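Each of the next two complexes has chain A plus one other chain: chain B in the first, chain C in the second.
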Partner chain A sequence: MSAQQHAAAAPVGGDLFNATTLICGVLIAVMATVIVVRLFFGLGSVTNLNDGYSWGLWVVGDVFIGSALACGGFSVALLVYIFNRGEYHPLVRPALLGSLFGYTLAGAAITVDLGRWWNFWHIFWPGYFNVNSVMFEVAACITLYIIVMWIEFSPVFLEKLGLRDVRRKLNKVLFIFIALGIVLPMMHQASLGTMLVVMGDQVNPLWQTPLQPLIYLLSAITLGYGVVLFESCVAASAYRREIEVSMLNPMARVMLGIMAFYLVVRFADLAVRGVLGEAFKPTYIALTFWIENASFIAPFLLIGSVAARRNPARLFLAGIAVMLGGILLRLNGFLIAFDTGPGWSYFPSVPELLVTFGIFAAEVFGYIYITRRFPVLPREEAYAQPARS
Partner chain B sequence: MANTSLLKLEEDSRIDSHIAAVSKRLGMPRRAFLQFCATLATSLGLPPGADAAVAEAVASKKRPSVIWLHFQECTGCTESMLRAEHPTLEKLILDVISLDYHETLFAAAGHQAEQARKSAMMQNRGSYLLVIEGAIPTRDGGIYCKVGGQTAIELTRECAADAAAIIAIGSCASWGGMPSTDPNPTGSSGVATVLGKPVVSIPGCPPNPYNFLSTVVHFLAFGSLPPVDELGRPKFAYSRLIHESCERRAHFDAGRFAMEFGDEGHRKGYCLYKLGCKGPETYANCPTVLFGDAGAGTWPIGCGCPCIGCTEQGVGFSKPLHMLAKVKNVDPPQQYPRIVEEKGMGATLGSAALLAAVAGAAAGGAAMVARNLGLSHQAEEAERARAAGQGTEV
Partner chain C sequence: MPKTMIDERSDERSRRHFLKGCVGTAGAAVAAVAVSTTVEARDTYQRPPEALGLLYDATLCIGCKACVAACKRANDNPPEFSTSDRLWDTPLDTSGHTFNIIKMYRSGTMATKDDESNGYAFMKTSCMHCADPSCVSACPVTAMTKDPTTGIVAYDPEACVGCRYCVVACPFGIPKYQYDSPTGKIGKCELCRHRYRDGHYSACAEVCPTGATLYGRTSDLLNEARRRLALEPGSVTTYPRGKLNDGPDQSYEGLVGNYQQHVYGETEYGGTQVLKLSAVDFEKVGMPRLPPRSSAATSETIQHTLYGGLLMPFAVLGAMTYVARRNVHHEDDTPADEPVKEES
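Here is the complex of A and B:
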């Protein structure tokens, strides 16, 4: 753990009932209704899935994108604990909170997407293990990571409940879980890319490469920092708090470094495989390819300088751009540029969309509830308040 | 059964000399002899290492005395035994078993033959193998089949009393077979029914000789008969449907059938199910062991003749040849795939509008947040500048 002293975390407090939580509640209730229909009447009753597109919005959106957006906890932990940059420690808890919900809900979403969902426990039953399957690796890793994350995050609840003895004992072994909490996501975020590789030539050559595991891993780390930028700005704006620009500014620089490496790998791979020409054909696939990569390039223009990084509006927009790039990378590979043969098509149905919105609403609601009632965000008074005259 | 490897067996000089002697007697190179033992162990479905036990038993154990009775039958089972090539029957008689009584193969006749049976039974009391070929008539006191003045029932009971093991060979001995076909005027029955206890049965018309040889060798090597199913058939040979290993199975699964003898499908080797093949309801190893040691395709279905189900009581000799078999192992699925699969539809107005609305709301919200953040940043910068300005003034 970091030796540096920081402001202790404290609950934000305040009312849980407001316009945002009300909207979230409605969206969650709608999602629950659709899920009940799906569980009783099958996937065909609510989704547009077909034999050509067996993975739709629920897998690509809720699991692939949901878990990638939930990499904030992992990315910040990587920075704090592996590269020993203790100055970022106050960012760990809020980032971890976002990851916690992202992953837990991704795990829940995959259960709903299983055709025979009542067999979901098979993957945890040793007799059914298929240790050669990349899906098994992802499922096992994500499950373990969810458990590890709840343990990592449990000090928040223990502090709230005043269980100091338990907290002290947990502290002695917490480093194991922190280490696991870095290794596991690196494993499965890379494996999510492998899933694209095993799809073979159904995937457009712009996204089909044996390097995909590395690309997914790098983009997941980048996305983690992007989400932290976004989250911090939104939380500060919604709770009328100071933005931790002193931390976000250098962290954004780290993000830009990794992203530069990502872009080099991405385009070098395209060039070496000789498929860069695909990106210059007049197709909508080329267009979405460029939107995806423009989103990764835009932050360099937005927050390229130290002065620009001091402006929270720019940090926020850069965060959004990175998120959009990461989302498009996954959407393009698995849905938009995924061609399973003539005649097949897919676009999410209204109920499918409603479930995905519900899941994101559940994440927002959970974030609001936990930050208002549990010690997650740093205590506000500890910061030097700007002189108000 | 101390040896579990053929190599170790050959190191043992005592057994090795037995093997040398046996291969000399059989006129078989020692390698061919060991291969024969390994083949028998394999067709028995025995685990690795059993080949050594078989070789040791065949080479060094005393040959079991075998008494072979014939009742209501055609001698087809014996005929098929005579056509076994690996090894040929005379070699088997000379070296693997000691056939002390066999009506078809005996040079002796009349009282001399009966005397041979009685003395073999006396000398090998409790250790001889009794093989029964043919059904046993039971109506009217069993008078429809007599040998040496004794009915088949009496002979069976007399010989079974002191036998170490009883094997019913052929469908007739197994349950009555062809002679028991309706209206069954002589009351033909199987050995198990007459003795009132289960016996090992090797049904088939005729049965594959290797199933019989393997059973005998199992008895020789391990002192017991191989495991059997509920009808007394050795599991190594009768635990799978012909349909499971049939070389025409792919045609069945693909729906390609011969519709009549000599039609195009029949000539092309399609599935014979619709011609009345009983493979789907008959348990036997015919497709894997084949007949007559003549190579691939030498078994009824392989030659284009539908299986008649001769190893299966209630199928062979009772179900009409043209009648469709009951497919025992293929459960139809609860649902069949649609012939024309839905290929999905593009965006509907509703879903596109919903997605666009949410994306728009998110973009609008983000723009608002960005604007507010920018404004407050501007205000802070201005304030800082003013504070800095004041500081320099002071």
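Here is the complex of A and C:
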């Protein structure tokens, strides 16, 4: 293993009240209001959902895209614990924290979207659940994964509370939860792709393939690294810390490798099924297809060389490109290239957008609160302490 | 240089673990795929032998919409308005409160009925009661079920979580949700299964004045459909009304339409229990072109291959646990207030 000794994680410290957290608080309050209206007057009162597009921003955006963007914890754990690359260890906690919030809030969001939410427990109840249903697999896996992640992350709280005995006992069995924390997201991120299969020809052939589980899984792993690039750069700039380029550089190379494999699978599938022609028709579907794939190709140009990967700005841009590609892959399959016949259209309503903003705000606020008060980010040298302005 | 040697050895060891882990994972995955594929591949389901259904013959339909009104009454559904005076029940499509509707195809001058150009035609929109329904496969909580005897695709609101995967999955756009209610349900045709107890059958077929909608066993209905397709257009034949092969004879004599030589629903997605005949191209009257293999079969084959008996998840989990256990010594971030210990 690498000879370097990591700095232990430590709370960043500092004030919880600032412009960012205040804005987050307002957005969260607005979200809560919309949710109350939805609970009393039904989905139609706040959303633009219809029977042609019964899944809108809350499902496709908050859950499908939100959970994929929350794959950082899973992707980094895969690198550290399975591929035994201990040098990335300082990235584990911050990445896991992002995932924890992403998934927990995605789980909360889906509950608001459920038309008959008081029956939610049926998904786990023998006699009700249907093992043939892709939705069952996804719902069960995501719920389990949220629990597993809180256990994986709990050492952070145990450290803070000084519960060393509990922490030591948990450490002995933590590897089980780490393994679960890798298998569960592999399962449901793949199944999110399978979700499209039963919809048949309603989904444009560019996104309708039995290989969808592999495509979604590979893209989710890539997305995980992309988000870590993005988050690391944002956290470093917001807290005025050093960017961990020495770790991000080789991690970005791993990301490029998986992404190359992804692109080979994606285009080989289109070629074998003989539907590549769809991508060259003069339609907005073809356009969005190329924007999606250009986003996956752009990082090769941005951070293809070792020198380029030392440039934080390029790492940041590559992270954004990968995120955009992953977002579009999901948006295209479930909404943009999803055609339920003439007469149907959908664009999220303002209240729908406000809920999504509220969820994002809750994630940002949670990240700020936890990193300032709990040992998550690596301890910094004195010169890089948060500056007072 | 003993220090270097130790480093090299530990490096070598971790590499060996890594390779072992990879081989183990791959081996387990391959074995699991091999086992589960042979066991779980799933064919498209066929209609049960006693399946019940409808035969809708668009050439007989006069667009009176008696079936639309009867369906509303039978299912206790409220009227839906599309005109500003809000006087009449005028739904433009099926919805969470409208399970059956007659739609109109229009072309050019609309001079002749059942003419594709410069003509018009009718088409019924309601649940097709698929042999292998996407909605039943999609539903995570078994709220959508297919009766093993009658083949009726039924909905249970008490089980439903309202995820609306059925709405998204159905190729005909049939299950629909009641967005206007905080306790909205899915609404769809259940072939009036709640009226069988009183000796009734599907309300739409009961009231149809021309026999355009006919109720019966799908196997009988399919024979009747084939009989009509074999007739000479313009010749005279007998058309049953209401219920096929049962009950009082309500048949009458009428002219044979200029049919498309296709029984819609005979093979689509493995077949449907509601069958349709039309003089106008089926895609033009809103019936999608569907392959004989159902998407439910494809979807469930993938699911069973990956997760059948949970073989593969447990194989991968086993491999991951094995590898993670060896590598977890990286979890060496001792609490900040404890002295940092060196580990190899």
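One rule holds in what follows: the second predicted complex is superposed on the first by the 376 of 389 C-alpha atoms of A that agree within 3 Å, B and C clash if a C-alpha of one lies under 4 Å from a C-alpha of the other, contacts with A are read in each partner's own complex, and residues count from 1 in each chain.
Simple rule for what comes next: a residue touches a chain if its C-beta (ideal position, glycine included) is under 8 Å from a C-beta of that chain, and two chains touch if they have at least 3 such contacts.
Being a predicted model, the structure only gives us computed values, none of them experimental.
A.B. asks: Overlaying on chain A: chain B and chain C, fit or clash?
C.D. replies: Superposition result for chain B and chain C: clash.
A.B. asks: With the two complexes superposed on chain A, say which partner A:Gly52 touches: chain B (first), chain C (second), both, or neither.
C.D. replies: both
A.B. asks: Chain A residues in contact: does chain B have more, or chain C?
C.D. replies: Ranking chain B and chain C by residues of chain A touched puts C first.
A.B. asks: After the superposition on A, what does A:Met135 contact: first (chain B), second (chain C), both or neither?
C.D. replies: Only chain C; A:Met135 stays clear of chain B.
A.B. asks: According to the stated criteria, A:Leu317 is in contact with first (chain B), second (chain C), both, or neither; which is it?
C.D. replies: first
A.B. asks: Is A:Gly86 touching anything from chain B or chain C once the two structures are fitted on A? First, second, both or neither.
C.D. replies: second
A.B. asks: What is the contact status of A:Ile176 with respect to chain B (first) and chain C (second): first, second, both, or neither?
C.D. replies: A:Ile176 contacts chain C only, not chain B.
A.B. asks: Could you say whether A:Tyr346 touches chain B, chain C, both of them, or neither, answering first, second, both or neither?
C.D. replies: first
A.B. asks: Based on the superposition described at the top, state which of 81-89, 189-197, 225-233 or 333-341 belonging to chain C clashes with chain B.
C.D. replies: Clashes occur only in 189-197.
A.B. asks: With the touch criterion stated at the top, can you tell me which chain A residues are shared between the chain B interface and the chain C interface?
C.D. replies: In chain A, residues 49-52, 343 are touched by chain B and also by chain C.
A.B. asks: Sort out for me which residues of chain A touch chain C in the complex.
C.D. replies: These residues of chain A touch chain C: 1, 3, 5-6, 8-10, 38-45, 47, 49-52, 54-55, 80-84, 86, 89, 93, 110, 113-117, 119-120, 122-123, 127-137, 139, 159, 164, 167, 171, 174-176, 178-180, 182-183, 186-187, 190-191, 194-195, 197-202, 210, 213, 340-341, 343, 375, 379.
A.B. asks: For the complex, which residues does chain A have touching chain B?
C.D. replies: Those in contact with chain B are residues 48-53, 233-234, 237, 243, 310-313, 316-317, 320, 343-350, 352-354, 357, 386-387.
A.B. asks: Please name which positions on chain B make contact with chain A in the complex.
C.D. replies: So the residues of chain B touching chain A come out as 341-348, 350-352, 354-355, 358, 366, 369-374, 376-377, 380, 383, 387.
A.B. asks: Would you pull the chain C residues touching chain A in the complex into a rising list?
C.D. replies: Where chain C meets chain A, its residues are 7, 10-11, 14, 17-18, 21, 93, 95-96, 134, 137-142, 157-165, 167-169, 171, 173, 176-186, 286, 288-290, 295-296, 298-300, 302-304, 306-307, 313, 316-317, 320-321, 323-328, 330-336, 340, 342, 344.
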